[in-house]
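Shown below is the structure under consideration.
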Amino acid sequence: MSVAEMATHGTDERGFRSGVPNKVLHVDDVHKSFAGLHALSDVDLDVRQGETHAIIGPNGAGKSTLLNVCVGRIKPDRGAVIFDGNTLTGKAPHEINQLGVARVFQTPEVFLDLSVLQNVMVPALSKRDGYFNLNPFTAFAGETAIRDEAEEVIANVGLKYHIHSPASSLSRGDKRRLELAMCLIQHPKLLLLDEPTAGMARHDTNATIDLLKEIKENGMTKIIIEHDMHVVFSLADRITVLAGGRIIAQGSPEEIKNNPKVKEAYLGEEQV
Amino acid sequence: MTFRNPNRRKILKIGAAAGVTTLATPYFFSRGAFAQSMDYRNAPEGDTVTLGFNVPQTGAYADEGADELRAYQLAVEHLNGEGDGGMLNTFSSKALEGNGVNGKKVAFVTGDTQTKSDAARASAKRMIENDGAVMITGGSSSGVAIAVQGLCQEAGVIFMAGLTHSNDTTGKDKRANGFRHFFNTEMTGAALAPVLKNAYGTDRKAYHLTADYTWGWSQEGSIKKYTEQLGWETVDAVRTPLGAGDFSQYLTPVLNSGADVLVLNHYGKDMVNSLTQAVQFGLRDKQVNGKDFVIVVPLYSRLMAQGAGENVKGIFGSTNWHWSLQDEGSKAFVKSFGEKYGFPPSQAAHTCYCQTLLYADAAQRSGTFQPSEVGKALEGFEFDGLGNGPVLYREADHQCFKDVLVVKGKENPDSKFDLLEVVEITPREQVEYPPELLGGELGPYNDGV
Amino acid sequence: MLRTLSRSDWLLLIVFAAVVLTLPWTMQPIGAAYPDLLQKFAIYGLFAIGFNILFGLTGYLSFGHAAFLGVGSYAAVWSFKLLTMNVLPALALSVAVAGVFAFLIGYVSLRRSGIYFSILTLAFAQMSYNLAYSVFTPITNGETGLQVRAIRASAETPLRDGDVRIIDQALGVQEVGIPISNLFGMKMSGYPGFYFCAVLLIIGFFIALSISRSNFGMMLKAIKSNQNRLKYTGVHTRPYLIAAFVISGMYAGLAGSLLSITDPIAGAERMQWTASGEVVLMTILGGAGTLIGPVLGAGLIKYAEQKVSSWNEGILHDAFSLLPGPVQDFFVEFATLFVGEGWHLTLGLMFMIIVIFLPGGLMEGFRRLRRALTSGRSSASRTMSSTSPVQERG
Amino acid sequence: MDAIFLQILNGLDKGGAYALIALGLTLVFGTLGVVNFAHGALFMLGAFCAVTLNRLLNISFERVSETETNFLGKPLVEQVPYLEQWFGPEVAGFLLDWSVPISILLAVVVMAIVGIAMERGLIKHFYKRPHADQILVTFGLAIVLQEIVRHFFGANPIPQPAPDIVAGAANVGAWLGLGDNLIYPWWRLIYFLFSAVVIFAVFAFLQFTTFGMVVRAGMHDRETVGLLGINIQRRFTIVFGLAAAVAGIAGAMYTPILPPDYHMGMDFLVLSFVVVVVGGMGSLGGAVLAGFLLGILQSFASMTAIKSILPGIDQIIIYLVAVIVLLTLPRGLMGRPGVAED
């Protein structure tokens, strides 16, 4: 498939508009520039229900900016992000999360002072109680249902033996698992993963891939930003390629693999 | 070397008795908590009676507090018959014999007021509740004095005010258990005005800079009242924040106001700073309306004047007492203080020393330490020989009435202590006022039972 | 609500209550067993506990908490002047007024974090102090402080110089001189006053303990640990912060109210930034983030202020009296640097030493001591022990 | 009109002092990332350098006077300065008269040493600690420093007169043809010029020297500069010494305006922090700008015309401005994002 065809393919997808059940996230013509530098231009993107969508591209292609637009950290100059019928543009991070979008950061962001169990219980509480719930007399230790679930999720990500350790004592890879667990316990409709295997040893990377594959079976929609092609091609259902703030290609892994333009823009660079 | 401040307190063993008991013996439900004697609070048991000296040991007035403490220690020595007896020898009442008071040796405890009402009340409470003090004295600001006076009234002990100059102490906020030897702003106004008239005439325009709190307002009001009676005009009265540091923005408007007198209703650090800066602004060398511009500092303190250095030269103000007075009482006090510490006492030291003696004398005369009895012995008490000429402790408001000194910054001081010269002693009749003038009510005595 | 606490928490509460209620006996050997100091222990303990809810749990360092203490004590005195000498309306009014005041300041200040937040709170408190000292004198009675007075004779007397006490007057309460605050007839000075403060301290401790163990408390700890993560976890952090700020402001108001109840006078100095600094010192000294630490710190600083400052040279000479003359003089001379008028120096040094060597305060010191004594135990259980402060200083 | 002109002069003068103190504070924050609550104490120590020099020049031996007597009527023990003995009264008199300006030399040396010692001995260990810890430990240090000064010099202010030749006021109005009522103290004019020169010198030093370039780069991105193999640590130590020296000479020169006492550092501390925060933490230009801005605003707020409309405004203007600036400009006037917000 040529680039033009792929672009057309995208336009076809847009024709369905929102309301179509199998479309979760819709990025509509987003522009963003920093001090005159175009970080994103004319970005249109659709993510379907249940798919794992990878966004790849060389350094400075605008991947992180796009992700930040999706979670409300950066406000676009133009365009909108529509998630599940709600526009995300201009919403605060906590509102976006409450709508069902969870995020894993590039450098693991966890509550270093809290134990692994507490780390996982906090997001579960926010899922259950909303963004603010003032009840200073509900015992945290009394949340048995949430604790049971948290223990299960922690066991699933392989942190069972660290459950009572402070998060600060975990290795970088374990912190990433912990962060993943914090997202998973919220049962998000959409999970954003910013380089989930960055800085991991091969062994850990494979374990993470297995973990993410497992989640896939649960039918959770995921967007992955990733450098590691091994990860991308193991996990992604569809791939969007960004370069210079524009989408240059979109399609299944097979299609992207064979796309000469992508090779030139991205894979070529990798090989150099 | 002159590095070390010579004013450091010298070692003193008196008072150790009371203090150490505090450290070693637990007091609970024995003394302080509930008075054992049913007559009055903290009735002394054994052979000592404890007095509480509550002075600022930290904060801006720490040096004054240190001087007050020296005077207290001296007074205790004299009461117990040690040293040369100081003003006990010149005091008109001969009840005290140098063997303590009512046959009991005098001991003392000390506390730090930090020049804050809360801290002052807390340390006074410690001395009353824990150390069994039967009288509290001290203080170097009116807010603190009024706060502690109120506390002593509630607790049922006598309060002998130290340096407090606001009218309210024996006016609006007077209490039966409280007594003041120091003068007040009303007396300052009455004493200063005639001298200002003689020196500067009746056709003057005054500009006030006033510390923006109770004492400042009270001082401003009194000076305004008495100078306007002379025919002076008040151009403006500007309030300055307490502890402003730099007063330049308040001083420059003075230049163009047409005023020819600047009245600085400041005390302590504010006085030092505003005076220093006013002189820098050339106000002392200025000519306005064909007259020499002059500055007036209604309340002087020698310790503070030291901080203003040469800037005090030729500037009028009032003071409660000055060490250069030549009456027998003052000479005796300066001698015993000077020989013990190596420098002359300040007015704060003098008033504190007098208050201690006056209390002891009243207790001796009434034969008990019961506040109501001691108070009655002080009420209407006339005495002499304590450096201020004949003095009356007025019954109606527990305020001492005595001559007021008008002083001037000395042009050619001989030493760093010799900063002020007495230009006039305004007689007592001239500064007296009817007790109703300042309002307030003494209420009944409280013996604390 | 009662399910909030685990068995070890109940044990902690009971031990705490027992220690507080027996202070009049246990403090005897160090000469601190007299009503005023005991009251101050309890009152400043409450203040510090409340401050710790903000600083210890969320990490937001407020330099303006004394303003709430001041507002609380003014409100209490006004309640005495206008309503009744009974302390309950005073308590309620103080806590409410301080809460509203804290909400206003917190709502604005919490728009910023870090040192900007600290400076904003400092600025608000200093404004309150400066105005209370001068132009608000009709409300605060300025330098002299607001005091309870006798019933005014005529309506012309300003309210700050003469009281009305509507409720007491309606009930026909007879007053001789200036009345004393009471709880249905029980005088609130001396030991009864201390026990009243002590009971409130225990209740305050219980509430703080519950908060710390609650979901709300966990959210506050999460804010301190990583506010950004918490936002992406779907939590709106600002209402939590405002709630914590208001709660700690109400504690300060309660403490201020108790200051007025045990000693019916309210002065502006209570609001000065150095007073705010004092509660920071108390919390850090004892251990920020711990439950017992702030109370311990408050006690130590009040003890130093009252007792260390009163150890004059006479007392020192007696304390060193066993030594021969010149050695004794030397020791006395040296010691005067640190006690009596030098007690501020001791405070400064003690403070530096704590911050440098024991960032977790005295509580961390105790923990280290315990660890040294029982070095055999497993490390995991201790790191997450219930009172352990949030550590991780990166 | 005259009044406004004079208030501007006042504002510049005050602003000069604020800016000098805030400059060192923000320099230390920008480079070392340390919030130094002992900075006010450094200002105070500088002022006491002037006092100390004066005392040193006055070191005396005692001579019993044959004619005069002291206040107790005993022969007066005269204090004769060694200086007078060695160099004669004229030289001694001159040195004493000029002791405040001369004390700058002492203050620079002493304060740089104090600053470096402080950084090496204490601050160094606090780079990685939270700001709260830095505030607390330096606050403790400030208390200790001021109590030590109080132990030796007492609590009362100690006057330090300016040299006689500049003791009075200058007729500024006559220079500008605005009439005789515009007078302003010489020493304050000098202080303003002095602060302008010092501020300029610090900026020039950071702008035009290699050392300054490295420091500025370090302020911007500490890790990268560290990676270049430059010993940024040693330079930061020197920066701390520089900040202390600037605070010190600001204090020494301020003594004729404000007789120094042990507590003056604390009095200036809160104010200088407000200046730094309004300017933007870590921004040198912001500190200077905010210093002058707040100085001028404070002067104007003190005018009777304004006070009669807004009573007490002069007491709170600084804090009010701080609140407004911080709420409208999140990082102060010239602050960089991300600084001091954790």
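Letters A, B, C and D name the chains as they come in the text, with residue numbers starting at 1 for each one.
Simple rule for what comes next: contacts are C-beta pairs under 8 Å (C-beta built on N, C-alpha and C of every residue); 3 or more make two chains touch, one makes a residue touch a chain.
These numbers were taken from a predicted model, which means no experiment stands behind them.
A.B. asks: Please identify the chain with the largest separation between its CA centroid and the CA centroid of chain A.
C.D. replies: Relative to chain A, the chain whose C-alpha centre sits farthest away is B.
A.B. asks: Taking each chain's centre as the mean of its C-alpha atoms, which one lies nearest the mean of all protein C-alpha atoms here?
C.D. replies: Closest to the centre of all protein C-alpha atoms: chain C.
A.B. asks: Cα centroid separation between chain C and chain D, in whole Å?
C.D. replies: Here the centre of chain D sits 34 Å away from the centre of chain C.
A.B. asks: As a quick test, compute the distance in whole Å between the mean CA positions of chain A and chain C.
C.D. replies: About 46 Å, centre to centre.
A.B. asks: Per the centroid of Cα atoms for each chain, what is the distance between chain A and chain B, given in Å?
C.D. replies: It comes to 75 Å between the two C-alpha centres.
A.B. asks: Averaged over CA atoms, how far is the centre of chain B from the centre of chain C? Could you give it in whole Å?
C.D. replies: That pair's centroid distance is 33 Å.
A.B. asks: Taking each residue of chain D in turn, which ones touch at least two of the other chains?
C.D. replies: Those would be 312, 315.
A.B. asks: By residue number and range, which residues of chain C touch two or more other chains?
C.D. replies: 130, 134-135, 344, 394
A.B. asks: Could you please write down every pair of chains that are in touch?
C.D. replies: Touching chain pairs, listed by label, come out as A-C, B-C, B-D, C-D.
A.B. asks: Quick check: in the complex, which residue numbers of chain A touch chain C?
C.D. replies: 71, 92-94, 97-98, 102-103, 105, 109-115, 118, 121-123, 125-127, 129, 131-143, 164-166, 168-169, 182, 186
A.B. asks: What residues of chain B sit close enough to touch chain D in their complex?
C.D. replies: Residue list for chain B touching chain D: 1-5, 7, 58-63, 212, 236, 238-239, 241, 243, 245-246, 248-250, 252-253, 255-256, 269, 272-273, 276-277, 280-282, 285-286, 303-304, 306-311, 323-324, 334-335, 338-339, 344, 414-415, 417-418.
A.B. asks: List the residues on chain C that touch chain A in their complex, please.
C.D. replies: Residue list for chain C touching chain A: 1, 3-6, 207, 210-211, 213-219, 221-222, 224-226, 228-237, 239-240, 243, 247, 380-381, 383-384, 390-392, 394.
A.B. asks: Could you please specify the touching residues of chain D with respect to chain C in the complex?
C.D. replies: Against chain C, chain D makes touches at 35, 122, 125, 128-133, 135-137, 139-144, 147-148, 151, 266, 270, 273-274, 277, 281, 311-312, 315-316, 319-320, 322-323, 326-327, 330-331, 340-342.
A.B. asks: How about chain C: which of its residues touch chain D in the complex?
C.D. replies: Residues in contact with chain D: 55, 59, 61, 108, 111-116, 118-120, 122-124, 126-127, 130-131, 134-136, 273-274, 277, 280-281, 284, 337, 342, 344-345, 347-349, 351-352, 355-356, 359, 393-394.
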